[in-house]
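Sending over a structure as structure tokens; questions will come in a sec.
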Amino acid sequence: MSAALLATQSAATHLLAGPVTSTGGGETFLFWVGASISVLGALGLIFSKKAVHSALCLAGVMICLALFYMAQGAVFLGVVQIVVYTGAIMMLFLFVLMLIGIDAPESLTETIRGQRWAAVLVAVLFGAILIGVFAHAKLGPFAGMDQANAAAGGNVPSLAHLLFARYFWAFEVSSAVLITSALGAMVLAHRERVTARRTQKELAADRFKRYSKDPSVIVTPMPNPGVYAQHNAVDTPALLPDGSIAQLSVNATLRAQGEVRGITPLPVPLPHEAADGDGASPAGANGSGRHEEVGA
Amino acid sequence: MNPDSYLYLSAILFSLGALGVLIRRDAIVVFMCIELMLNAANLAFVTFSRMHGRLDGQIFAFFTMVVAAAEVVVGLAIIITVFRTRRSASVDDANLLKY
Amino acid sequence: MPPSTYAPVAATGVFTLTAWVVALPMIGAAILLLGGKRTNAWGHLLGCLAALGSFALGAVLFFSLLGKPGDARSYDQHVYTWIPVPGFSADAGFHLDQLSMTFVLLITGVGSLIHIYSVGYMAHDDNRRKFFAYLNLFLAAMLVLVLANNYLLLYAGWEGVGLASYLLIGFWQHKPSAAVAAKKAFIVNRVGDVGLSIAVMLMYTTFGGFAFTDVFNKAPGADRDTILGIGLMLLLGACAKSAQFPLQSWLLDAMEGPTPVSALIHAATMVTAGVYLIVRSHVIFDISPNARLLVTIVGAITLMMGAIIGCAKDDIKKALAGSTMSQIGYMVLGAGLGPIGYVFAIMHLVTHGFFKAGLFLGAGSVMHGMNDDVDMRHYGALRKYMPVTYVTFGLGYLAIIGCPPFSGFWSKDKIIEAAFAQGGTSGWVLGCTALLGALITAFYMTRVMLMTFFGEKRWVEDEQGHEAHPHESPKSMTIPMILLAVGSVFAGGLFSIGSSFANWLEPVTGRAEGHSPINTTVLSVITLVAVALGVGYAWRLYGTRTRPVPALAPAGSPLTRAARRDLYGDAFNEAAFMRTGQWLTRLLVYFDLRGVDGVVNGVAAGLGGSSSRFRRLQNGFVRSYALSMFGGAALLIAALLLVKA
Amino acid sequence: MSAFPYLSTTIGTPLLGVAAIAVLPKERAALARPIALLASLVALGFAIADAVAFKTGGPRFQLSESYAWIPTFHVNYSVAVDGVALVLILMTAVLVPVVILASWHDADARGGALTPQGSPAESKRSVRGLFAQLLALETLMLGVFAATDIFLFYVIFEATLIPAYFLIGSYGGARRSYAAVKFLLYNLLGGLLMLAAVIGLYVASTHSPVGAAFSFQTLSKAVGDGSLTMAGSTEKWLFLGFFIAFAVKAPMWPFHTWLPDAASEATPGTAVLLVGVLDKIGTFGMLRFCLELFPHASHYFTPLVLVLAVISTIYGALLAIGQTDMMRLIAYTSVSHFGLITIGVFALTARGEVGATLYMVNHGLSTGALFLLAGFMISRRGSKSIDAFGGVQKVAPLLAGTFLAVGLSSLALPGLSSFVSEFLVLVGAFEKYPVAAIFGTTAIVLAALYILWWYQRTMTGPVASSVEGFKDLNRRELAVIGPLVALIVVLGFVPSILTNFINPAVSQIPAHVQITQQAPHSVAQDSATQGNGSGQ
């Protein structure tokens, strides 16, 4: 990271030299490395099965882009890119990913007939056209940012001058957009309660009603996870008096994910000890910390 | 290296983002691909800004970020809402509005 | 000599009664048709009265005409302007001259007799009132036809008689055969009507009008080809109406109608309208020898066809109908000969009107007595049971075979003579044909006579098992027969005394003396020999006791079989027109449904189908939409680039 | 502008009837019938008053009224009549009361002529709706003939589709919705082409010295004096836009296939209005708009139009012969008759135009009567098939008699009205296009064939078992058919009742249309100048 920053610095100083048609070696190096990473990242974004991997790939691409911004004299934007985009927005993505608990890998089998090859074709075509456009455009030499940045004494003051003068109205409107979107998100995420909240009394009565029909229903509170010398985490099941594991004491989500910590069985008791009913097998002294799958 | 290369990179990234939108079904990934497209556009803005020696391009990229942020917020909220009711975030599952 | 310019004077005084000649039967028909059942009781009397009144008016007009000099007997009466249109004005106007006067007398005279006859003949029919209404309608239409002073009104009358004929042939509508025959008659006549209407249109475009004054006075100045066209179209009309080859097929079927109808319409009057048309349009035919030639050919062919058919038919009415065809063939032949024949064609027409009406009424009387059986093989020996019928029928028979001094002799002989007088090859061919026709006429009429009134009784029970009880018909039927028999006996002679009839008509039709290559007296003798041969042969076949008439028709020679089938006229029509027509309509119905409508429905179905296929593109997958948007964007950019470049 | 708004009163009267029916309470719905009859009779009275007020020697367009409607586009509510429009208005006003009387029971649960079995759905047919729509249709039909503003004409032309669509679709037979949709789509297609042409004409007028106008008189005058000139191709396209709309309406081969379906599925009353009046808008439009606004294009397209018209004439007649359904048969005869009318219109002679106009009226009367009589038969027997009848004349002689009279008029028997018009059409065409006329004359034979064969199969022969117990015409039916038969006979003998109106109108058609007014060149002058010499 620091090497990249250094490269950025050198590129930035080089840029101050004026109109260019070719960049310096530092920026060239940065570009080729960054471009490779970002293209690979983009490909990873598209083709990774797990959404989390995609998100990470995207974050990588964004960081590369932030470096490019800086290298091109948009220092403020580069920082914002990292702080806002990579920091905030990507985190929002990850947060939502976790919130809705999607971690099952998405099947990449295409269901719409012809969609995939058509999409590839159109994308290639579009990219080719765009590249063709750029290739044929009379772009001329690059003016560089030095004059513009220097106008108000640096990149940030210059941007501020522009933003709060010429683009003031747009700036205000964008704030309205942000507020509206925040409101919208709240409205959308809000779940309207359609029935009155059920009191504890009602819940208890209900529970017993169900118990009367189905004895397997548990009317008592769920057992707490186990608390042992070995572990006291939520994924550690409690032991029942007979030494067996109380599955119910572990959170259902963890159970479903098979994340229930195993326990090292205690040394097998002597037959006379077994006779007095203490068949439980407390955790062995040699219990390791490794996870073990517990057969259900 | 010619600074035009940034533009080519931007084009490639944009197309890849679009490709992702077209072939991925997970709404969140689709959203990410959209972000990629926006970022590709931003890169082009910054490059053009440098080309013309004016800051307006950067301002534009700045606004793009604002809009992207707003869009992500609302979009993710929609995804959550949809997920709540349908237990699915696949864009293909929401296909009732058709012929 | 062709007559001088056609210049009728406006009718005044007594001649304004002309319109009433037409109006009386028309009013009669209107009252009887609109009055409905209320007029049932006295309807037939009103019908007779209208006919007699018309006849009386005709007589008055006749004697008034006689009081004028020969070349001043032409009157025009304008009643009202029928169709007033810029550049086209069709009058309802009447023209009275010797020719139309002759017809008025024939039509109203014979018509009145047949009205009277029908009182008895139709006494048992529930619809007698309607019958008389139709008869009156016929009289009115026929009078319009012969009295019209322009071709359009003539055409109206022409179609009017066609309608009356249709109504009367199909009078017994519950008989499918009658209904079919009626329809056939009307449709075949319509083919002729096309000819007549095209003729009228040609006249209009050529002469700027179709009144007789326009046509007759301007025809000599017109283009010869146009005149020929008009002549041919008129001939087409005449062929249909007068049952001439090739439109002869309807007449034999028309015998499905009640017998008085056959007598009046299909023997005496309506079928002769074609002859009237040709003679009336003599100016046209005078100019165009080619048209005339075709007329004679048609006449000669029909003459022979009718005669041959008449020989083979066992149905008494059909035998007589064949005879009618043949006799009208004579008239058409006569008319086609031009000025030398016009007069005799009309004279034969009148005498034929008498004797053929008499013959038909006699046949009706026989049928009346024989439970409406028409098969002559079931007759025989009726002379003892129906003496009046026998005598009147016999007189008509003598008239038609041309036995002197009966009517037919005078008129037919003249036509044969005129045919020879035509000269050249055509004269010989036509003359010989006419002569042969006379022979065959004698044969088949003798056959009818012998099979009906002589020989053994061959009566059979009818379908209900009623035995035939031949009896003489009531007075109302016999009196008209007697009167017509008188006409058949004397009319020809009267007309020929001092060429009175020829002189009477000459101002209208013009007249030319022909020069027969054979001496007229010799020719008459030859004709009589031919007649005698025909009679003798028939006697040998049917008259001698040794060879009784078989009750069932023998197979006969191919010619006989062909004649029984009307010389395959119907078979030809059926194959050539009916079958192809049915095939064509069926094809077109299919084409309309699958082709024209199919294209329309196909376009609709195609649009509907493709839209429901396009609808499938709306598959609900947002990615699919995004793909098309993206593709569209790519295309747009590409298009922009292309346009820019 | 006349002091009394004759035409608007005539046009508006049926609308008053509609309003009266609309406020009828549901339980008094049966009153809709007498109200409708009354309204249509009053309208007939006003129509006769129009005819009386019309001065036959006066200017071409009379009784004109004009009020601004959409001033921005120079659209006016302008109505006026010439003789041609006047006789068509009279015909419409005569036919509507007759149709209303004939449709008396068409909305009944079981009385519908086409639905003798009366499925439960049929009982929902609204009496008020039927008669209100008949009256509304009358208003539109009267208006379309009276309109002299082209935009107004177009609007009414299209508006007639609305009640007609519902009349077919709500009160028709089993396949009524198919027929109604087909009718609507076909006519809408034509109407859209016409709309394009109307707009095109307007645009053309804005570029001319006349200035923007929709007024028919203004445009016609401008076309005549050369101030409105269109490029040749423009004129042809505009002509085609109008002509195709009218050809669909008329209906001409090959645009005719909607008619048999519509006519056979509609109630007889609706069929009468459809074929008797609505289709006349097509031929009326050709006569008034196509010829007068686009004279060069009309002349250019005349051969094509005549060929199509001749095909229609023969094709319609042949198909009529091949039909087994009575209503379809009549529809095809109409295709044939409309072919003849079109021949008359495009003959471009005074005879042809007068004949065509007369034909429109006579066809309305005779075909209308045929439809109604067929309807009477169908309502008795419950079948439209010809084979279902036989020997009707024995049990219902009056029905058979009137049928024959009307049928004879349809086959143009002299003495009945159609003859006059048919002959005029053929003569008018013969002057200029003898070949077309000669082909047209085949209709004389074919018409006899389809009418008489139909008569033979249904009316004559032994009484079919299904026909036994047929009642003869009742009083209402007599009142329906009597006036029509009387008119057919009277107009056959005295067509001058109508030609008095039509002749001046035709002779006042502007000269630029190049209608041959004079009688054909006569050889009389030749022979007069050449003395007594023979012709060439």
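A, B, C and D are the chain letters, set down in written order, and residue numbers restart from 1 in every chain.
The rule is simple: a residue touches a chain if its C-beta (ideal position, glycine included) is under 8 Å from a C-beta of that chain, and two chains touch if they have at least 3 such contacts.
No experiment lies behind these values; they were computed from the predicted model shown.
Colleague: Averaging each chain's C-alpha atoms to get its centre, pick out the one most distant from chain A.
Modeller: Here the answer is chain C, farthest from chain A.
Colleague: Does B-C or C-D have the larger number of C-beta pairs in contact?
Modeller: Between the chain pairs B-C and C-D, C-D carries more contacts.
Colleague: Could you please state the distance in Å, as a whole number, between where the Cα atoms of chain B are centred and where those of chain C are centred?
Modeller: Chain B and chain C have C-alpha centres separated by 96 Å.
Colleague: Averaging only over C-alpha atoms, locate the centres of chain B and chain D and give their separation in whole Å.
Modeller: About 66 Å separates the centre of chain B from that of chain D.
Colleague: Could you please state the distance in Å, as a whole number, between where the Cα atoms of chain C are centred and where those of chain D are centred?
Modeller: It comes to 37 Å between the two C-alpha centres.
Colleague: Just give me the whole-number Å value for how far the CA centre of chain A lies from that of chain C.
Modeller: Those two chain centres are 108 Å apart.
Colleague: By residue number and range, which residues of chain A touch two or more other chains?
Modeller: Answer for chain A, listing residues that touch two or more other chains: 112, 115, 119, 122-123, 126, 130.
Colleague: Return the residues of chain B touching two or more other chains; collapse runs of consecutive numbers into ranges.
Modeller: Residues 18, 22-23, 25, 92.
Colleague: Let me make sure I understand the interfaces: which chain pairs count as touching?
Modeller: A-B, A-C, B-C, C-D
Colleague: In their shared complex, at which residues does chain A touch chain B?
Modeller: Residue list for chain A touching chain B: 15, 19-23, 27-28, 31-32, 35, 38-39, 42-43, 45-46, 51, 54-55, 58, 61-62, 65, 68-69, 72-74, 76-77, 80-81, 84-85, 88-89, 92-93, 96-97, 99-100, 102, 106, 110-112, 115-116, 119-120, 122-124, 126-127, 130-131, 134, 139-140, 142-145, 147-149, 158-159, 162-163, 167, 170, 174, 177-178, 180-182, 184-186, 188-189, 191.
Colleague: Flag every residue of chain C that touches chain D in the complex, lowest number first.
Modeller: Residue positions touching the partner: 80-88, 152, 155-157, 159-160, 163, 166, 170, 173-176, 178-180, 182-183, 186-187, 190-191, 193-194, 197-198, 200-202, 204-209, 214, 217-218, 220-224, 581, 584-586, 588-589, 592, 596-597, 599-600, 604.
Colleague: Once bound in the complex, which stretches of chain C touch chain B?
Modeller: Interface residues on the chain C side: 615-616, 618-623, 626-627, 630.
Colleague: In the complex of these two chains, what residues of chain B are touching chain C?
Modeller: Residues 18, 21-23, 25, 91-92, 94-99 of chain B touch chain C in their complex.
Colleague: Using the touch definition up top, name the residues of chain D that touch chain C in the complex.
Modeller: Counting only chain D, the residues touching chain C are 182, 185-186, 253-254, 256-257, 315, 318-319, 321-323, 350-351, 354-355, 391, 393-394, 408, 413-415, 419-420, 423-424, 426-427, 430-431, 434, 437-438, 441-442, 444-445, 448-449, 452-453, 455-456, 459-463, 493-496, 499, 503, 506-507, 517-524, 526-527, 530, 533-536.
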